[in-house]
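Okay, got some structures for you below.
Okay, so subunit A shows up in both of these, paired with subunit B first and subunit C after.
What follows is the complex of A and B.
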């Protein structure tokens, strides 16, 4: 088990490093950051001074090596805009993203799991069609469009909710709905398929044969088995969501890392963009790692396979 | 069921069961257009081992599932009444009758892969039992079905056990509900021959100790000869012959039963080739009018094409549904 974990961690580290490398080179090859940062009419000697100051005059491989060495020391570089520590800046924003992401996830699970389960249990009946139609609608609706509609209705017409900003629960409502709809819809469809599959298994018939009552059969036998593929899905979704928050955070002026990423890319704020990319990579990789560990916890058959790794 | 007065139905097939622990009258199961089980009467005495024999697709398994109320989606069933231990049971699919427990063909698939076998046994125990007693009872059941170290087995998962061990667990699970009737649907088909014999012995032993009736579904006449008290032979959804096991093997009356027995290899009868019944079981939608066995029968009369024989006859030689029995 320990060796299994070590191998997974090493692979995760390589993935993160790969993302950082990609971000590093793409940023430097896609334009001169100084042009974006300094006023357009800046004299050439000023440009040159900053270029030397930030080390951008060195050959790319040397810049890359310096970057890696700094990373190894835990130094993520400084913002070219205000000189602040890039990691601190990102962490400061991460709280807002986590708050939104956590709410969205909770919302998606609270809606998606019961909806998908009901649809599966009532297969082919009106409640199934209704739930699945709603799910397809929620899935097909682009989230920036849904966000704008919500702003129009709740902020402009009804004046119930603030159109943008951060701080109170009221601010959270619309971004959470915007992001959560699609995730809940996808989850509902996934849960339905998964539950239907399990409902057809012989062991569910056995459980009914024990006169347990439908609720006990669903809670004790159907859910634990149906959860195995759903966990995989949730792991992917968790990773995607952090990237997906970029658009929603901008629509609602939510000060998370999605917004920070867009602003920093526009300004060519190299260190900050690199750090955001790394943070996103780390969260995707850890979501996947968490899924692998959850498997072993839910499915005893995987636990045995993990044990063999260790042996 | 007020409209199901016993007098309206033919007398139960011989030999009469005095006070049956399970009696079902006129059970039919419809799958799609046709009847997979067609007007089946069955009664079991306490402690009796009753074998239900027939080729695949003749409705044996569906009979068991219908009795348990566990028919697959798309199958519909009706009956003129189900009596368990003398009490009428208001019959509904999805609600297994009390006193009935089933043992399934593929034990490993019929156990939940992510729950320990001990907990699966424990949850089949009567619901009023306190938690600590449940664990003790479950371990006692594991020991009763012949598995060593029940305390450790309690925490095992189905994939950690062999097929034979899982079938033992399934038997323990069936016993946990303290059944009056055990339905066993080909419980040894998926197992090795040596394990088959062990499971058969175990089934008979637990039947002896609990006094439950055992309805044993099989297509293996060798097993029937070994364990049965009475035998019902099924063909195309109906019972064509029912007799005590010795009578059935000594003097089969229905041509189909005779064909089945003749197709068994026998030491006393040297033969280069085993006898076989010509033709094959017709599909549900393609059953012939009259007697369903007529196209494959060497004793068919003109009448057999017009009328369907019903299971008839009381007396020691058993009942047969045939116009020209031997």
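What follows is the complex of A and C.
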């Protein structure tokens, strides 16, 4: 088990490092950061001064080596824009991102799991079609568009909610609904398929045969067995939540990591973009690691197989 | 287990609860009864150091925090076009005592944000060698005031600026970008880095909170020398999406929103309490030709392409009916140097055809490349220009670049760039700054003068007699028409949305002037 964990951790570390390397080179090869950072009508001597100031005049391999050495010391570099510590800037945004991400997740589970289960249990009936149509609609609706529709209704017409910003629970409602309904829709479709799969299994028929109440059958037999694909899906979504809320954050002026990424990419703020990419990579990788571990906890068969593999 | 109805009910109740929380839909008031001004902007500058903030998004905040020795009077300029107007601000007078020496007398009794009183020390700190000298970390400081060799304290309220060569535009400089007076005591105690986070100036508002790329909160500087400002607080929030900014204005959450798109302006007519103001800025969008590309290496070809654009149609399509086409690299505020008859290129299809045949154009491909997400409206403009060129038989390929940097990659004949005037004199932008020997276009060998353009630039920069300056500047404009390294499309419009109760006007530069004489609530 320990070796299994170590191997997974090492693999995770390599993945993160790979992402950081890719970001490092793509950023430097896709155009002059100074042209993006300074107004285009800036005098040329200004460009040259900044190039030397930030070490961008040195050969690429040397820049990369310096970057790796700094990373090893836990130094993520400084923002080209104001010299602030890149990791500090990302952490400053983490609160807003986690608050939105957490709410979206709760909302998605609260809507997606019951909706998917109901659709599966009433398969082929109007309530199934209705739920799944709503799910497809929610999934197909672009975040950008839904966000603006909500703003139109709740901010401009009803004047119930603030159109943008961060701070009070009221600010959270529209971004959470915009993102949450999309995740809920995807989740509902996953839950429906998984539950349908399990409903056809012999042990569920047996459970019904034992005259267990339908609620007991669902909670004790259907849910645990249907959980694995759903957990996998949630793992992916959790990892993507950190950087995947870019559009929604922009529409609602939500000061999260996604917005920081957009601003920093536009400015070619090298150290900050690299750090955000690493944070996203770490979150995706750790979500996947958590999902792997959760499999073992939910399904004893995986636990046994994993143990044997490790032994 | 949840039913759908329960879930929806839960959602609905969350909304009702949070609605009570208050959305700021009403007008916000501070405790002293003065209103809070709420502004939504597309972005903020990353720093509050004045010498690092000379961008369209950075200038707004800096102009609230800091005052300058002199102040450009945009209201007066608008009233009497062609007459430069400069008022005293922190200096009561600025005079040229000898060709290389300017003397400023400071206004007595001006209180800074930290309670200190304005003195020569603050001016010395502002123009310190660490800020404008050769080793300054602020290139803009060096470019604007690098020619100041010594800042001499005559007495507590009198300072002399010694310059390397005679500076005929010093008064414009002291009223323009850069000379925002900083608090010497705070700068000394906090150091340059600390000062960025806790800036101290003599402007109408002092810093209360700054969250980078998110929000700035200013508190009224009640001891401001012009009298207490109209707003108790100014909250500037970053709302990147323009549709959201406009929605927030209409819903009553903001008093001013910036960078509205031209096609959103008609929307404002449906609401009585908000209005849109369209201001042509002292900022031009240009197309420039790459002298190294055979297709446009011949001046006749560049001139032909420049005559083949229906500028009014392009500008109207991009900016709506309120567009401005400048006359060459000039603005009326240049005063005596302004010549309204030097119009540069206008739409003249006959002349374009003539030049095309004189250049022996045989249908070769012209690649026009613009970055639509970087220059507002450039995507539309380029498509219209492509159609206009093709109508004259010019085989045009249009390319869209994702960023300004990608636009500059090799492989295009025509690209877009901007040029601005930081103060109303040709030395501030255009002929020398954006086209001269140290400009981006010449450093990157896009523009390689075939005339004595650079020599005339040097003569103009050194000239001091008004008649000589006029002669040389106009000569430069004539040379540009001959060379045609660029063609001027239009002045960029800034459209701001505001509540009708807010008395405030956007200047043709991106300052946000909230001083008591130009900003109030009705």
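Rule of thumb we're sticking to: the second predicted complex is superposed on the first by the 303 of 311 C-alpha atoms of A that agree within 3 Å, B and C clash if a C-alpha of one lies under 4 Å from a C-alpha of the other, contacts with A are read in each partner's own complex, and residues count from 1 in each chain.
By our rule, contacts are C-beta pairs under 8 Å (C-beta built on N, C-alpha and C of every residue); 3 or more make two chains touch, one makes a residue touch a chain.
This is a predicted model, so every value here is computed, not measured.
Asker: Mind checking the superposed model to see whether subunit B and subunit C fit together on subunit A or clash?
Answerer: fit
Asker: Return first, second, both or neither, reflecting whether A:29 touches subunit B, subunit C, both chains, or no partner chain.
Answerer: It touches nothing on subunit B or subunit C.
Asker: Quick check on the superposed pair: does A:225 touch subunit B, subunit C, both, or neither? Answer first, second, both or neither.
Answerer: Only subunit B; A:225 stays clear of subunit C.
Asker: Is A:207 in contact with subunit B, with subunit C, with both, or with neither (first, second, both, neither)?
Answerer: The answer is first: A:207 touches subunit B but not subunit C.
Asker: Count the residues of subunit A touched by subunit B and by subunit C, then name the partner with the higher count.
Answerer: Answer, by number of touched residues of subunit A: C.
Asker: Go through the superposed model and pick first if A:298 touches only subunit B, second if only subunit C, both, or neither.
Answerer: The answer is first: A:298 touches subunit B but not subunit C.
Asker: Now for A:140: first (subunit B), second (subunit C), both, or neither, which partner does it touch?
Answerer: In the superposition, A:140 contacts neither subunit B nor subunit C.
Asker: For the combined three-chain view, what is the angle at the C-alpha centre of subunit A formed with the C-alpha centres of subunit B and subunit C, to the nearest 10°?
Answerer: 160
Asker: After superposing the two complexes on chain A, what is the shortest C-alpha distance between subunit B and subunit C, in Å?
Answerer: 21
Asker: Identify the overlap between the subunit B-contacting and the subunit C-contacting residues of subunit A.
Answerer: The answer is that subunit A has no such residue.
Asker: Quick one: which bits of subunit C touch subunit A in the complex? Just the residue numbers, please.
Answerer: For this pair, the touching residues of subunit C are 1-4, 7, 10-11, 14-15, 17-19, 21-25, 40, 43, 46-47, 52, 55-56, 137, 139-140, 143, 193, 196, 211-215, 237-241, 243-245, 247-248, 250-253, 403-406, 408-409, 417-420, 429, 433-434, 438-440, 442-444.
Asker: Could you please specify the touching residues of subunit B with respect to subunit A in the complex?
Answerer: 68, 70, 94-96, 98, 101-102, 104, 106, 109-115, 123-124, 157, 159-160, 170, 173, 176-177
Asker: Can you check the complex and tell me which residues of subunit A touch subunit B?
Answerer: Listed in rising order, the residues are 201-203, 205-212, 216, 220-221, 224-225, 228, 298-301, 304.
Asker: Tell me, which parts of subunit A touch subunit C in their complex?
Answerer: The contact residues of subunit A facing subunit C are 30-33, 35-36, 39-47, 49-50, 53, 79, 81-84, 89, 92, 110-111, 114-115, 117-118, 131, 148, 151-152, 154-156, 159-166, 168-170, 172-173, 177, 215, 250-253, 255, 259-260, 262-263, 266, 268.
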